[in-house]
Structures are given as C-alpha cells and as structure tokens.
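One chain, subunit A, appears in both complexes that follow, with subunit B as partner in the first and subunit C in the second.
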Partner chain A sequence: MKLRRRDFLKATAAVSAVAMVGCGAPKNNALAPMDPKKAIGEDPGKWISTTCQGCTTWDPIQVFVQDGRAVKVRGNPNSKGNMGTCCPRAHMGLQQLYDPDRVKVPMKRTNPKKGRGIDPKFVPISWDEALNIIADKMMELRNNGEAHKYMLNRGRYTYMRDMIYDAMTKIYGSPNNISHSSICAEAEKSGAFYTHGYWDYRDYDLTRTKYLLIWGLDPLVSNRQVPFVIKTFGDVLDKATVTVVDPKLNASAAKAHNWLPLLPGTDGALAVAIAHVLLTEDLWYKPFVGDFKDSVNHFKAGVTLDESSFEEKYTNGIIKWWNLELKDKTPEWAEKECGISAEVIYKTAREMSVAAPSVCVWMGPGAAMHVRGTYSAMAVEALCGLLGNLDNIGGTMMKGKTLAAKMPKLDDYKDKIAKIKHKYKIDQRGYLEFPALNKGKSGGGVVTNNLADGMLQKDPMEIKMGIGYMNNFAFSGTGAQRWEKAMSELEFYVHITTNASEMTQFADIVLPATIATFEKWGYLKSKANLHSQVSLLQPVVEPIWDVRTDETEIPFLIAEKLAERGFDNLLRYYKEQIKDPETGKGASNAREFAEISVKYYTAPAWDGSGKIGDKINGWEEYKAVGVWNDDRYGYKKSWGKFKTETKKFEFYSETLKKALGKHAKKHNVDVDKVLEVCNYEARGEKAFVPHYEAPFRYGSFEEYPLTFIDHKSRLNKEGRSANTPWYQEFKKVDLGDESWDDVLKINPDDAAKYGIKNGDMVRITSTNGSFTIKAKLWEGLRPGTITKCYGQGHWAYGRVAALDYKNAEPRGFNNNELMPCDYDRLSGSTARNGGFCGVKIEKV
Partner chain B sequence: MAKMAMVIDRQKCVGCGACGIACKTENNTQGRKDGQSFNWADFMLKTEGKFPSVKFTALPVLCNHCSNAACVDACPVTPKAMFKTKDGITMHNDERCIGCRSCQEACPYSVWDLREEGEYSVISFNSDDEETHPAYRDKTELIAGCTSSGAEIAAKTGSLPPMATAYKHPEYDSVRRKGIVEKCILCSHRLANGENAYCADSCPSGARIVGDINDPNSKVSILLKTYDYEVLKPEAGTKPNVYYIRNYSIK
Partner chain C sequence: MTTESLSINAEICRLFSIMFYNPEETFLSEPETVKALSGLLKEADASLKEDAETLVNSLEGVDRQELMLDYAALFVGPFQLQAPPYGSVYLDLSKTVNSESTAKVVDVYKKFGLNVDAEMREPADHIAIELEFIHTALITIGNMKNQNRDASEPEQALRDFVNKLFMPLVSQMCELMQKNASTDFYRTLGRILLKYSDNI
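Take a look at the complex of A and B:
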C-alpha cells in the first residue's frame, strides 16, 4: 500500500511543483539559499548545574532549560573530574523525567494479597492521608515496644541520606537502617584496605600513565568515572600500553593492545603469577619495596627464604608473602588454572615493570565480587605494592579531600527507646558467618542481600514495617526470588519511588519521589582525574507532579506527623540542628528543609572557610557553578603513612589479621573456624596474605557445564533506565546485544554442540532458576562460558521496561533470578562474578 | 565556498551511544516505529573473527552530506525539498516535502524498511497514518489515576515531546510533522550561530569534528591531511563528506 502511495506521489510531483511555483519564486534546486528573513537558532534557555546519578560516577552535569522544561544535557564545564563531558546515561535522564509511567500521586494498596503478578489494586490518596497512615503505624510500633521492628532501606542516595537513613531511623529507635551498598560493590575495597589501608574506590592518573591494566571491569562502560575515561582513552592508547583482563570481550578490550580472557574467578591465580615473575626476574620497584640486603635476587621458584634477608622500605611482609604463597605460583602453574598462557603472563609482568611506577592497576568488581573475592581483590591490588605505582605519577591513586559538613549529633534527641542497644541488625552483619569487615570492623559493613533471609527467618528480630527509597532489591539482589517471598510476607511497606518498580508491587503505601538530577536537592562527593569534587543536585525544573524529595522532604513530613502524635524529637532535631548557614534559621516546612539541609552540608565548599580547592563565593555562586573541585591530588604523600596496622603497604596483612582475630574472638572461635564457616580455603597464616583461592561454583560441571558471566550495560542507570525508549533503542551499544531485546550470548562452538542457531529460543537453567531466552551467537567469549548483560528482565517498572506490565511479563529475564545468592563474606558483598554460577542450556 | 564535513576519529570513539541519544534530544526525533528508526545519528556494530582473535568495532553513522547527493537527485519536487546549501549541507525543506520517499530509496545509506538487526537508515519517514511522537499523545495510564500518561505530560509541559529543544530554522521545524521524511541537517540551526553540531558537542571522547574542508586551516582539513581516511560506500559515487580516520582498535 505504501508503495502504491509513493508511486502516486512521484507521478503527481510535477503537478505539486507547478502549484508551488505559483506560491513563490523558483530557486536553484542544487543550491537553494535559506530565507534570510526567517529566524535561525535556539530559543532562549539557561544551562543549570546539577549532577547525573545514572551510575556511581556522579557526574557533574548541566541541563538546558527552556520555558521551564528540561530539554538537553551536557557535562558541567566547571568540573575538573570530567572535563565537561557526560556519557550516554545523562541524556537518557530526560526520558526518565518525562516518563509517562511516573507515579504522580501517593498510592494506597487495596489488595492485601502480595506477590508477583498479583495486582496491588493501587488507588490514589492524598499526601496527608498517606503520611497519617505511615505515622500511625510507626507510633503503633513504638508504643508496643517494637520500634526495632521498623526498617529503613536505602537505594540510590545522595549524601543527604543522613536525614532519612541515619537521623530518622536512629531517633525513631530502630537499629535497622539497611543500605544497598554491598549488592554490587564493596569487595574490591577489601583489596585496597588490607593491603594499603584504604577503604574506598581508587582514582587513576590516566593522563600520565604508561601502562593501564584494567582488571575485572570495563571503565568505558561502568564503574566510577566513565565520562573521564571516555574522554582520555583514545590518547591513553597512544601513550600507554592498555591490557584488559576480563573473561569476555568488553568495550575497553575491543580497543586495547592486549586482552587476557581468563577463566571466570581465576583472577587471583593470574595476579600471584604476575607477582611471581616480578620477583623472580628482579623486576619489582625497589624504591618502594626495598631489596635483599646483599643486593642479590634470591627469589627462585620453590625456594623458601629467610625474612631477615630482605630490607623493606614502604612495605611489610614481602618474604612472608613469598614463602606462604608466591614461591610456587609460577606462570606455568597459573596457565592451568586461569587459561592464560605462561608466555602472556611473563610478557605482561615484564612490560608492566618497564612502565613502573607509572602503571595504573585498575581493579574492578569482576575481580572481586566473588565468593572468596576478598583474596582475589587483595592479590590484584598487591601488584600496586610491587610496582610502586600507588600514589605515584601515572599510577593508581587514593583521594584528596572534600569539603562538607558533618551530621549534627543525634544523642540529645534520642529517648529511652532510641537508646536501647541492639547487638545485631536484620541483615545479620557481624554474625559468625557474616563478618562484613568494613574497614576491618566486625559487622561494620552491610550485607544487603541477606536482609531478605533475615526477614524470612525473623532473625535477629521480626520486621513488621519498612520504608524503602529508590531501592529495588526484588530486582537488584541475586537470588531475587527470596526478596519476592520476604516482601510478600512483610506486614507493611512504604516505597518511595518514581516508578511502580518490582519492589513497589509489594508496597502498602507508595510515595512519589522527585527525580534525582532534575527535581531534587542533594549533593555528592566524587573524584576523577585526581580531583575530588563536591557536586550539587538542584531542581532544574519545577516538578509537574506533587512529588517530594526522598531524603529530606519526606522524613520532615513524617517528623511533623510523629510530632502531632506526641513524638517530636525528630522534628526538633531537623529544625534545631539543621540551620541555614546564611540566616541561622531552621526550616519551617519540608520544602524549605530540602534546600536548607543541602546548604548546611555544602557550606564549607562555598562559605569561604575552606583553605583548599576552588574558591567559591557564596551559595548563589555555588548553585551557578554546581561543583567544587579539590586541588590536584599530590604524589607519594601517603607513603609511610598508609592507614594499615604497620603504616606500610602490607603484603602480609597485619590489618586483616587483627580484623579476623577480633571477629573470631567475638564468637569465641579461632580464625580458621571463621574461614571455614565463611567458605574460604585458606587456613593458618595464609589467611593474612593475598593469595589464590579456587572459584566456588554452584552446580557441578557435569550437570551444569557452562559458566555464566553477568556483565554491565553502558546504559543502565542504577536499574532505572530500562523504561526509557532510548535505552531500548540503543541497547545494541552493549557489545553483542540487540536493541529492544535481551539476548543470551553463546560462543558459536558451544551453540553448535547444542544445535542452537542465532535467534533460537533456548532454556537456560542454574541451580537457582530456569528461563527461556533468545540466543545470540557471539565470538566475544570463550567456549564454556555464556553471558548476558544485566538490566533487562523487568516484570514491573513500566510499559517499556516490562513486556507486559499488567501480567508481570518480563522483557527477557533478570540475571539476578538466575544467579544464586551468596557472598564474599569477609566484605559482605554479594557474589555476582567469579564463575560461581554454573548453567546448562537446551534448545526449546 | 564552504563545504561542511565531519571527521570521526575512530581511535577516540568508544561506541558509547552518547551522540545517538544526544541527537535525539537536540533534534526531537520520535521513537522507532514501522521500520523507521528516526535516528539521525546511529551506529554500525560488528563483531568479527574467532575467539580469542575477535574484533569488535563500533562505527558511528549519520547523513554523509554527500557532494553528489543521490537523495537530492531523486527529489521530484520543484524547487527540491532535498537540496544542497551553499555550504554543502544536504538540507531538507519540510514544507516542500511531499513524503514520496524517493530520497530514502535513492540514498545508498538508507532503507525503506528496517528489518534486520543492526541495519540503519540515514533518512526516516514520518508515516502519514499517525501524528509524530505518539507516545506523548497516548492518554492511557499504567495505574489508573496514579501514574501519568504521555498526553498528560505533553499538556502539562505545553510541549510535544515534553523535552523538545525549541529552535528555529527557515527550512525545517524543530519537531517535524507527519507525512514527510527527515534526516540529519548537521545541526544547521546551530552552525548558523557559530555553535557546533550537538552530536559533536556531546561526544565525550571528542571523536566528532565538524568543519569546512575547503578551508585548509580548519581542524577537519588538518586531520584529513594528517591521517588516511575512509568514507562509506565510495563505490556509490555520492562523494560523502563524513570521513573516518584511524582505527577503532589499537591492535
């Protein structure tokens, strides 16, 4: 039909043209000039500074606003961390802001039955009614001596989290403020902390590096400074050697000099073999590590050495490490474990030593978020010690300072209930089997994914009520089925969200939230390019719905309702402690509180009191520039002052020894027992050195012959972009993926074995679940492994994300339902890498 | 006379997708439907070879603003709706376009109906069956009375689409009507005011450079003198003005 129409038009074009000639002067067809009388160019508008929260880059950006509408986005040119760039995620924010499926009013559940596919039968209610219901429930628990049965769940946050996550939960009187932090990160911090006393993500001196070793991540795609890496990568390729260690081809590997597709979970083996070569071939960086007293290299494979023979400079325990782990870890041994040839291991170690100390060892979740991941993270990070690249020119860096105020003390506002000490939280952190040693402290870190099991077991307490904000644990936690069960059984849940997500399906009250970046007050701390930053989020447009800011306005509104019911401690805290630094006044309403609290926290960055970094004159200027930059981080200042037990870079970790010892003592067991219960292989002294532990796997190779690899998307925005058409349209930019679909990527050799052709539907089964999905034959991964990008598989959220929202039918499937729930227990991190998920496939 | 061109540095390009999405925010193109992508900036993505010697490449594609533009030749109306401006942009006039799609058929970089995964088309056709941006005309709600609708957001913001970048140009509307074709016009409304094409501004790697190749001192001219370059489908004889330098992979 279209063809017919086209032919008709072609045939009649001459007639049209004649008619047109009659309307105006004919012009030269080939070079028709533009009509000079007509206006040309953009309508007036203004660039307003804010921050993208599409990933943990927390990229300072600006939004162009025309006539009260957000219309386009760019990197904030005032940021020294991103040099004025943003990645594709920031642009997608516009479709999140103007998402037709946004929740626009508070909702109340009218169907008491909860579960996937059961319509909650939400009805609209007023803010007042919603807040009354919430406050009544909170007071009921307090009055019954059950305040501890309330929990707060934090998802994507800004540093205004203090107001809802800490102040509200603690003054109300519950120990159960549970963050999302360990679902997708944390394990790598173990690597840095137990070697050099740094519990944080590292920075990288990319503009000066001579060797970039990317290990277990794709910094062009995800991790913590995506725009800066994209900006510099092309030049890094010219100036440095780039090597990528990842079991599947990633975007960085596609451009790099070298790709080392190791077997999933064997990162530790490759790392200790590289260390072995650096030592046996006399290639370590002596100004940092030191040397044998007789200046003769005694590191020979298999030979145990005397500790007194070596004089260390800034390091601790090189000989212990050698004796306990490295002496037998030859490249020839490693080749059998990790699938990378000995020849490549030698070459990699030698090339890095030539570039040392200007080497960036960039370790990411793929090398750390394993069952037993703390030790592989330590093994990779320990290379920084041998190469002397930590805080050295062109190397792996720690971070500078950020100027921000601290949360005012809560003590005076805690009543008898709030002062009750609870030994454990609902996520069971600090239990014998959950050391979660954040900064070495037993139970110091969160075990987010175990919250579901704590709730189901009612251990250490029953949970009767929860408030969650911008979290979607029923989608984002592995073993996601547990979350659906736990949430179905929960008596009362309040979800603060922008969209009716998976978690929302279990909520009793839903509160519509502002969209971060565009409608929310907040601030963030981030770093890249050796600059730490304090970046502002501010409303760039007036929300078109009656939505409120999750971290400040909503807790203030709840505090008002609690005060009406006779408990005014929280409201007094907000009004008395959070004062506008310019006027000295507290907030008189929730809306004021949202801005005043951000002013309070960011004041040191703009009130002239700071002695470092950008000089910003006042709040108005800060709102205009949007970001405060610290001075460039200095080299070598940390040397000799590492925050480890020995102040040295610890190849033998006294820091981990102390942490494990304290946790063991708390439970009246020895360290070996802790390691046994937590499923680590090491016993004795080996537990205190970086070493290789074999990957732990769910499913035998006999029954589940393929190993599943979960990988990240360049377009995922903390699980919140799948409902935007632009996400679906450009999904293909994830290597091997297809637009508007979710595909299981299979090596063609494996596919042939099972008689699978490109585009066939296949069934994939793990010990945790079984799903039907479209097969994509792809050469970017080794035979024996199989991969799918994380992000699709929403069965709720909206009409684009889900294939059929009404019937809870997902687009593809969620990797977190395939992968079983387990942990790197020393850090509390959820395992999602490291070859722990065996699968089988069949054609359907 | 100027001749505007784009040079794309493939070593810098990381295939992230930012240019493609940013273009949609600048030029207010609608979402894919009926075999039309409306992606004025798009990508060709290829994985070749056999593990472990496997090669992935991303190639950003857009209108080539050809010197010998087949689409202009094919345009049957007088004066032509598809025409070359004096500075070399292949321009499209919304008012004169009759939606016959002859340009789409003639362009070696366009197809009538996108069927295969990974296909792209420089020229798209706004169907005359339906007004453009139907998602923001839709009145249905996901959860009755609780969630919004596209039409409601369009009404509240007074804009369709709600995030439309408002600009003016003598030849084309910032949001095109139904029943006509549309394609990249090299952000002529920006170049005219000394600004850069928005895809080039939005490329975080700095891979896209727009300039006048008739000016020997322009950055594009210098890049083309410094590096070997390629164009897409030179055999079609259209003399494209989007030039690709260096290689995606350093290997």
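Take a look at the complex of A and C:
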C-alpha cells in the first residue's frame, strides 16, 4: 500500500472536533475521482496477443482483457504453429497472475541465519533501498578485485535474457552467468547433434505422418509442442500408427495403438535391436542410406562386414556401426535387457519400415536424461537415419529461420576487470569429469546442477554474491539437499521472482517480478507444424503490484545505481546500443527500456526488411497479431548439408570423435580416460557410434529392489503453478494422481507383495533420502517400478503449494530430494530418468 | 444515522484504513493516528474502551522491527499470507485476487464516482481501500443529507457493499489476524475492527 498523500494521515483527536467539522470533504489516498469521460457500463473487452511461457512450447496465445482485468485465454489464431490452440497451462496463468501470495514489493531479509524452516524475517523496503543495497554489494566486490565472485542464475527466460544474463554479467566482469538449461533437457540434443549436427529440439510433421513413435515423453503433456499435439492427436490416431515407448502409462500411451513399457534406462537396447531388424530384414530406407554395392543384403546377425561393400548416400558409417554395435543386438538379446518381447520388437521395426519415410521418431527426456544418456539418445535418433524420415514428408523435422536482431557487441564497454579471462566457471563445465560438450565444444554447455557443488567446494572460485531470476534450483535440481547447504552458506543472494519459493528462502533481497505472459515485455522463438515463429510477450494488463521486468527493467535499474557509484559502462551500453528502431533513440528510463529492447530485437520480423515468412507492417501491427510465422519448412533441405563433420547423417560420429578428442587433449588424456572418468561403458571405437550402455543405478537391487520413475505433470508451469487452486483441483488429470495430494503410484502386484493397500502411508527410501507418502495402487506401470509425478513437495512456497510454510511442511515430497545427483556428463545434463534411482518401500 | 455519527464513523474508518498501511510510513511516524482512532472508538462505542486502550498501549515501547515483520507476514508476504487483506480471497471460489468480487467492488466505487488511483498498485478490494471507500461514502451521504438531498440510493449501495463485500472480508480476515498475529497491536486491531464493523 503506497502512501500518496501525507494529509491522509492527519489525525482528528476528539469526537467533538470531528462532529464540528461535520461531513465536509473526504480525505483520500487510494481513491480518486473517476474520469468523467470514462464510459459507465460494461467494457466490451478485447483479445490481446502475448505468449504463454508455461512450458517450452512457448505458445502464442491471446488474453481477453475487460476493465483492465485478464479474464480468459485462448491460443493465438495467428499462429501457424498451434492453429489457435493452447493447453491447460495457459489457462492456469490467470490464477498465477492473481495469486495473493505473489511477491508484491521488494523485501529485505533481517535474519542472517539461513536454512529450511528458519524464518528469513523479510520486511518490505522500497525499490530504491533494495537497488542501493544490491549496487553497493556489486561495487564492493568489484573494488576488491572480486567481480568474478558474483554470479547470475537464469531460470526460464525470454530472449531478452541477453540484457541480464550476458550484458550485465559480462560488462560487470564475471564469468559466472549460469543458466538452468541442463536441469531438464540437453541430453536429447546430444542424440541429434552427434548423428545429424543439430543441437536443438526437433519438429514433427504430424499432419502427414504415417507412424508416430513417441519415446520417453508424453507430447500431450510436455516437450515443446503440447498445443499442436492436442490439436492434431486425434487425426494422427486415425491416420497413423502410434506407438509409445515409456516404462509407465501416459496420456498418449492410453490412446496409442501400442505401448512398450520397457525397463527404465534400457532405451538404447530397444533402439539398437530395432535397428538390427531394419538392417537384417532389408527394411532400411535406401534412398537415404544407400545399399550394398551388389544390392544383396549382407546384414546377418553376428557377421562382421567389409566397409567397402556398402555404398552410402546421405549417411556415414553404417557398416562400422553394424560391426561395432548392431550385429549382435538381436531382438532376442534385447528382450532380456529391456523387457520388451522379441516379437514386439520385430513387429515395431517392420511396421515402421512400412510407413517409412513418413515416420516421426519423437524422442524425449525419458530416453535421454540418464547417466550415460548421450548414447541412449544417439541410439534412438539413429533410427531417423535408417528410416530416412529426417526432414522428410511426415517425419522428424529440423527448423526453419526466425527473424530477430543479434545482441550488440559488448567489447567496447568491457573494462580491464571485465576483460580478465577466466578458464572455468563455477559449474565446473569443461573439467575432465564434466565435458558438457554443447555443440561439441568442451565446456560449451552448462552443468547447472553442479553449481551447488562448485559453490560448496569453492572451486574454481568462491562465490560471494548471486542474483537469480525465474529459477528455483533448490527445488528443481536432483540431490536438492546440496542446494540448501550451498545457499545457506552463500553470503548474499538476490532473488527476482513472482512467488517466494525454496530459493527465496535463502535470499537477502527479494525483488518482485512481472508474470511473463501477462505483464512482461519479451519475445520468444519457437516452432511447431513446420513453422518457426517469433512470438511477442507484452503487458496485457497493468501489474497489480509494484513489480518490474526481470530481464530488462531490473538490470537497467541496477545499471543506473552502478553508474551513480562511478561505473557507468553497463548503463551506457543499454542506452547507446539498444535503440528504438523507429525513433533511433535509446531508453531514458527502465520502463522505456523494457519495450525498446523488445522492439530492437524483433524489428526484423515487422519492419519490412525480412524476405521470408509473414509480412507484418510495423510495430503496432506486430503487437496486434503477436506472432511472426516463417514459411513452411521444406522437405529434404538438409540432406547432404548436415552440420556434422562429414556433412552426412553419422552412424559413425566423426563429430563426437572430434569433440571427445579435443576434450581429452585439453586434459592430456585419451578418450577412454574421459569415458572412464565420466562413467560411460564404451571404450575405443564404440565411443563414436550409437550404442547401448547398461543403466547406472544408485542402490543395489538387493537393498533397493524397486526402480523409481519421476514423471512430468501436464499442469506444471515451469515450476510456478503449484500455488494455484486449479493445479491442485485438477491434479487428477495426471494419470493416477489425486486432487490436492501427492501420491506414490505402485503396481498392484508389488503392493500385494508388500501388504500395501490403496491410501496406506508408506516410507520410500533411496540412497539420497527417505520420505513418508500416501500409496496409490495403479496398474499403469510395470511391476518392479514405482512412480510419482514431479511438482509437489514445496516446503517454502505459498499457502496452496506448501502445506505449512512456517513449519516447512510440504504437500507430499519433492522427487528431487529422493533422487541423487548425477549427470550425463557428455552433455552436462542432470540425470532424472533411466532407472538410476533404486528405492525400497515399507508400510508405516 | 445522524450526520454527526456519520462523521465520526467516517473518521474511524479512515483511521482504521491507515492501520493497514506500512507502519513505518504511517502510524509509527504519526502515532497520533492510533491515539485518535482509540479516542474515537471509545467515544463511539463504550464496549470498545478496553481494546481501544490496548491498541494504544501495544505501541508503547514496541519493537518496530517486530511490528514490521508482523505487518509483512500478515498482509504482504512473501510466502503464505497470514491474513490476506483482499476481499476476493474470502468471497470467490478461486481464492485469487482481482476476481469477480473485486469487479463488483470496483462497480460500487464507480457508482460513487471513484476509482483506485493507478499508482496504488493494489487491488480495489484491499481492506485499506475498502475502509477508505466507506469513509468517503459516509461523508458523501452526510453531505447529501446536510443539503437535504435524497441519499437513499447511495445509502442502499453502501449498505449492500458493507453486507455483501466488506463484512465477509472483515469477519474472516480479523479472525486470522487474531489467530496469526505475533504482536499485540495487530491482534488487537483484528479484534477491535471485527467488533466495530457491526457499527458501520
């Protein structure tokens, strides 16, 4: 509550005085006379374009605003990617926007002690005071030669990230801008990159596909195309065969023609066995792969072949792959490894070959986010090569172009401190044991979850101050307990957030952020239905509370404070380099900067200079339509021009060979040593082909007989929806779950074995943690596995998500406290799938 | 209600409104506001005498930091609001802010030619704003009566507002204040506002 008028406080001491004054004029502070010109009656309202950031679909949507209130949401009909559809997450945004537990004003910690269940004793402060404290701390580090002890943590972002994540950190002079990317993704990108040179998520030609192979995900629930899949899935079921590979039943599997509940972490075994069948039964797609020179199929189980016998077209190393991995990987072998019968493996391979090349191989994190996940991802993605479905009609697609400006160069604004080269960042990417080979570059990727350990070890440096936005690593990283320890020991942390969360529990300053979809300027690049898009986020309503935009306004405000303290490089960069493309002027204040910077970046999509995609005439029209669509992506455009070392689809990955070789050389070891240190099984040439690696497991089967499966919710909105009543009320839309609860789902056969009935409380224990939870008997998973949806278990959140914040009592428990911390080290990804978490249960 | 009692009632509502602002910016820097509120309450309703005195006494020697912490926990956050100051949290099924009932509050304000200043950055049904509105509405009605104009329509609108929109907020929020406040000041404020609200 802002005090606007001091006379509102004037006290009238006695009744007689009040009575004497009579009624007179009211004293007002919050209320003001209405504009007489404003029409009385119901505002007809209007739809305003923006983008949902509930998941990485980044769905173009529209919000109906009436009398300044957001009341309804729909897919943006101008989007060629979603065809006017949105998913439940977009609707839940309304309750996030109007959540009474939102952070409303800047707050300051008054209790220096930090930890779970310890009241931070936050008190409200002004923006000015908060920014002064932050700038003082930043300057203190800088003046002491400790700028590198500052870090920026980025959670979910828009492409305006450049302003806070890159410009602010780098001009200030720290190497430690740490993103969230590898906590829930990245390993699947390895699969695509080391086979066909594409470090990104794929698109899928669902409207023309004849076979949809969904592997390790539920596209109706998550993974970047949810609205498009909701729109088209019924037609796909009518026109194509749908097969789902997942250890547990999901919504897609419930409707699919086939469900292959393989043993967790054995995806690679199933994939290479399918490949084995495609080759031995002469079912591969010859226009893409090529054929034996004598046109006779020589792929026979167990037989090593001469590489010169095969003439490849758009691929590299088919015979090497066969000799190194596939020749012995029969369905009968795979059946023992993955639990899917040989008969089903043969059937699946044969059906796919009939549909080829119109096959979508849709791989998700369940097949990739394993310890050793890079090879699993490569094995699944390699099927695209054999089936010739990559960038082919009805197949798995790459992406077209997006029109957006690049970040202006920082060099001229970097002083001596900012120019200091630091070999490593605090997440230890690029260390021998953390190759994090983003696009093949050693240390090119992030190892987000290792940030906690880097901080605790003070290796490669001590961290004294951090700013985090839209992140909640203390909840979202496996082995979450490490984060609590690391954050408890951190001297000073600023959390920019919409809702106080576990990360906020450790903050010294809390800054209230805009809700992305409804209050924030930003833009996003996305793709679906073979169209790439540049989608706008804009404030559709005035913020209710005193919030600011995390990626633009807040860094600008900090830059102003740093300039007041004699360091104006960042402010000059913002003002001089980010100009309004229409007026040529830079921003004079933070609020202007938020809009101007988005105009700057998106201008190529609406200023008439673009030669592809939608023609949009100016900023106002772009704000109205909300999305620029690229032309439909063309088939086979990439063939012969893959961004691999050989320009071909690599069954023998020269690209991975080069990447691993460079990383090994950097540490003066050989590739085998890298693989050993990083806990992979492959040695020698096998390291360069897609292959099966046995799942790595924490806890022996003797002591921890069940395998835990973490799965996604269709209601999780980047970890920020659990405090909405709709999330809790509709929780049952996650198969087997219960409203307002968190349940551990157990196969009835296993439950009988342990004498557990529906609703019993059980204790589940892993090598990392032990928790009591309600049991739910559910037939949607194979015996020997046990599952719980990710999302509940907040111990520091609002009144809906956390059962009792004061006593740090969560609703259920957080899966990330049960699962230990480990990685697919080649990509830097956090392992959260792949059967790596053994558990035991007992009735309590 | 006489114009005199209208005036007193209006003044009490304004002073109550002040009690729901940031204490550092309001009644801690202007302690006369609390004394004035106490004085008027005692005069207006003898049964409130003891609570009114407690309210003033509770600020004597109070730890300002403790008071700020209690204010934040009850009405600001950032985790679980201990006494949400928004009508819609109690009135609407969704328990969110700025919802259907908030729109109804805005409509009532409009009837009196008022809206919430954009600078406020709070929903229209914040307890402080509702109390300020009642203060304003009572004075408007009093002025009409003084001018011998028919005030039955605004009186009815105010009565409906108080019964349907204000009382559900006050009754539940004040219960929470009494239950969850960690300082005597806010506990007493909850108790005394709840009791006094019958007089509005």
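The criterion applied here is as follows: the second predicted complex is superposed on the first by the 801 of 844 C-alpha atoms of A that agree within 3 Å, B and C clash if a C-alpha of one lies under 4 Å from a C-alpha of the other, contacts with A are read in each partner's own complex, and residues count from 1 in each chain.
Heads up, the rule we're going with is that contacts are C-beta pairs under 8 Å (C-beta built on N, C-alpha and C of every residue); 3 or more make two chains touch, one makes a residue touch a chain.
In this text, all values refer to a predicted model and were calculated from it rather than measured experimentally.
By the touch criterion defined above, A:K421 reaches neither subunit B nor subunit C.
Legend: residue contacts after superposition of the two complexes on their common chain; A:P543 is shown touching subunit C, with no touch to subunit B. Once chain A of one complex is fitted onto chain A of the other, the partner contacts of A:K611 are absent, as it touches neither subunit B nor subunit C. In the superposition on chain A, A:R714 makes contact with subunit B only, while subunit C stays out of contact range.
In the superposed pair of complexes, A:P124 makes contact with subunit B and with subunit C alike. When the two complexes are superposed, the chain touching more residues of subunit A, out of subunit B and subunit C, is B. Contacts of A:P100 after superposition on the shared chain: both subunit B and subunit C are touched. In the superposition on chain A, no contact is made by A:K406 with either subunit B or subunit C. By the touch criterion defined above, A:G798 reaches both subunit B and subunit C.
Taken together, the two structures place residues 2, 9, 13-14, 21, 26-34, 40, 67, 69, 94-95, 97-105, 107, 122-124, 500, 510, 544-545, 725-726, 798-799, 805 of subunit A in contact with subunit B in one case and with subunit C in the other. Residues 9, 11-18, 20-22, 24-26, 31-32, 37, 39, 43, 45, 47-52, 54-58, 72, 76-80, 83-86, 91, 93, 96, 98-102, 117-118, 135-136, 138, 142-143, 145-150, 152-153, 156-159, 161-171, 188-190, 192-193, 195, 198, 201-202, 204-207, 248-251 of subunit B are the ones that touch subunit A when the two sit in their complex.
The residues of subunit C lying in touch with subunit A in their complex are 3-4, 6-8, 10-11, 14-15, 17-18, 20-22, 25-27, 30, 32-33, 35-36, 39-40, 43-44, 65, 68-69, 71-72, 76-81, 84, 86, 89, 94-99, 102-103, 106, 109-110, 113-123, 126, 128-129, 132-133, 135-136, 138-140, 142-143, 145-146. Contacts from subunit A toward subunit B in the complex involve residues 2, 6, 9-10, 13-14, 16-17, 20-21, 26-35, 38-43, 45, 64, 66-75, 85-88, 91-92, 94-95, 97-105, 107, 122-124, 220-221, 227, 230-231, 233-234, 237-238, 242, 249, 251, 254-257, 259, 261, 500, 510, 544-545, 714-715, 725-726, 729-730, 732-733, 735-736, 738-740, 747, 778-783, 798-799, 805. Chain contact summary for the complex, subunit A toward subunit C: residues 1-4, 8-9, 11-15, 18-19, 21-34, 40, 67, 69, 94-95, 97-105, 107, 110, 121-124, 499-500, 504, 510, 542-546, 724-726, 796-800, 802, 805-806.
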